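What follows is a group of structures, each given as structure tokens.
Okay, so subunit A shows up in both of these, paired with subunit B first and subunit C after.
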Partner chain A sequence: MVRFKNRYVLCEVVSEDPRCRQCIEDRALGLAVRDAITRVHGDYGLACCSISFTVKYLNAYTGTVLLRCRKDSYRLLCSALPFVRCLESRAQRYPCFLNTLHVGGTIRTCQKFLIQYNRTQLLRLLQNCTNEEERQCIQKSLLSCSLTEEQSQSGDEEEDDGTE
Partner chain B sequence: QNIVTVCFSVGYSAVALNHVIDFKEKKQEIIKPVSPSELFPSLPIVQGTSKRIKVLTRLTLVVSDPSHCNLLRSTSANIRLYDIIAVFPKTEKLFHIACTTLDVDLVCINVTEKLPFYFRRPPVNMAIDRGIYFELLYTPAIKDSTMRRYTISNAISLMQICKGKNIVISSAAERPLELRGPYDVANLGLLFGLSEGEAKAAVSTNCRATMLHGETRKSACGVVYTVKKPRKVEEEETAVPACKKAKTQA
Partner chain C sequence: RRELPDGGARPNAAQFKQLVVTALRELHGEVGAALPVDVLTYEEKTLSAILRVISSGLVKLWSALTLLGFYQNRRCAFRVLQTSPFLLALSGNSRELVL
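== the complex of A and B ==
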């Protein structure tokens, strides 16, 4: 079957500054990743990786990012991701780092992984909850998350963004 | 303490806190390590499993002179309190001594400047037989471009001699933002010339082996005690045949 094979890399943006997450934009993130690839692998690396490189999905509340690249060059991309140091958007620099969670061949597998990962994160947050209301909120969202048929963004399944 | 909290949220299951001892001053005493329970009243749980996170203490000795190695052989009680001991040799002779005779768990490889000596096969092979691991740091590579070149060139020259065995990749992070997740560190290992399986091992199984090596080194005194009391073992052995006899007679 002749078709272009892609790899989808799921990452999480971790930062100390709470404002950083709200200002994540797909263009800024794409630029930061390309800049890291240039620094590590040079012009050849950047050219290889940017054949089919896009930021497919971005969730500003949880800091989840889904990147796409060609199967032949995903190793170059993955080895350059630890070198992303800061994110620039609207003339402000936010120091942060990307934590790779999962590499998959399709968006659907990445989504399945993301749902499981969010479930464990919610469980972890449940332990740190102090308010009874928040606790009930999280429990409700835990019981209701599932893989829906119409490829809806998994960002709809979390409700507790402010408690991070 | 912040760094350790970020570690746990990213997915590591054991963290070692490092003290570096440099021998530029004339006399230096080894300080007692900070107990992990002082930092955390209750250790958080690892993501994904239900075990608590381990926080270990580690000592790094920067040796540039053979007389500094005597400190390791001394019976100072404070050394025994550290879980892992690492040595950072600066000359070829010291590298040879560290790989062959010194009682350490890790040998640190310099990543911040061009190596003054080339690795040779005999001491490296002896270290692999003894169960000593070579350590590479990755935080200088993230910070600075020239450091990155030295890191990669030193790492690749090490790989060519030891064929990727017994490597541990660790961070010397001083701030929580210099840390990277375990999957990312394994990908960094690919840059250093490791194969994919070796890179993942460098982050997981080799580190666990180092921890066990440190524990066996600590409990080496315990082995001496069992040798001193052989009678106890013999008594146990004699007890077993008596039971067997009783069974057969009954």
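== the complex of A and C ==
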């Protein structure tokens, strides 16, 4: 059985600047990650990791990013992710950093993890929120995702990626 | 031992080490540049040196030196004469040992 195995790395872009979220693009992020790999692992590392490197999924509202790379070089990629310090897009630099959430072999496992993670994040937001309207909003979305689970246990829950 | 043919000014020991680290940094990045490499001896006349590196780093070092092409904008090449885990083995060719 010979096939190319990939690893999918789920990360979250964290930034203090609120404008950064709107300017997250897949090309800018890909360039930033490649730049970090070049700095940390040199030409050899860049060539190794770029064989099958793409940004598979990007959610600008939550800052969730899914990167793909080969199984042989995912360690090089993961070790270079903390060195991504800023995102450049449209001639603007935003300082940010990437949090690695999960590394999986398929997109499906990453999606399952993301759904669980977003549910826990919603709960945590509910505890921390100060505004009454925000509280209502979050409670509504929490109820909607748990209700959907009871009613129909087929793919409805997967549409619920938890937007803020 | 490494030998590097050159045209003009010869590097001294510190510049030689700088050259090795630069080669590692270009090919293997910061991780490669952080590899502990020691220059045990260096002869400026013949431009040959004995380098010491941890055995897991031999591949990185050798590949980085092979791919280094320029020193101060002049072409140069590294030639590896001998590698061995023992320093004593570098002093002579054991096949021609006369007992």
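What we mean here is this: the second predicted complex is superposed on the first by the 139 of 164 C-alpha atoms of A that agree within 3 Å, B and C clash if a C-alpha of one lies under 4 Å from a C-alpha of the other, contacts with A are read in each partner's own complex, and residues count from 1 in each chain.
By definition in this document, contacts are C-beta pairs under 8 Å (C-beta built on N, C-alpha and C of every residue); 3 or more make two chains touch, one makes a residue touch a chain.
Bear in mind the structure is a predicted one, so any value in this text is a computation, not a measurement.
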- May I ask you to decide whether A:Ile107 touches subunit B, subunit C, both, or neither, giving the answer as first, second, both or neither? neither
- Item | Touched partner set for A:Pro95, first subunit B, second subunit C, both or neither | first
- Partner chain(s) touched by A:Arg39 [first = subunit B, second = subunit C, both, neither]: both
- Task: Using the touch definition from the top, say if A:Arg75 reaches subunit B (first), subunit C (second), both or neither.
- Result: first
- Message: Touch test for A:Arg124: subunit B only (first), subunit C only (second), both, or neither?
- Response: first
- Query: So, does A:Arg85 touch the first partner subunit B, the second partner subunit C, both, or neither?
  - Reply: first
- Item | subunit A residues touched by each partner, larger count belonging to subunit B or subunit C | B
- Message: So in the superposed three-chain picture, is A:Glu16 touching just subunit B, just subunit C, both, or none of them (first/second/both/neither)?
- Response: first
- Note on the structure: Overlap of the subunit B and subunit C interfaces on subunit A comprises residues 39-40, 79
- Message: List the residues on subunit A that touch subunit B in their complex, please.
- Response: 14-16, 39-40, 75, 78-79, 81-83, 85, 95-101, 120, 124, 127
- Note on the structure: Interface with subunit A, subunit B side, in the complex: residues 2, 6, 9-11, 45, 47-48, 138, 141-142, 145, 148, 176-181, 183-185, 187-188, 190-191
- Query: Which subunit A residues qualify as touching subunit C in the complex?
  - Reply: 37-45, 79
- Message: If we count contacts the way the header does, which residues on subunit C are in touch with subunit A in the complex?
- Response: 24-32, 63
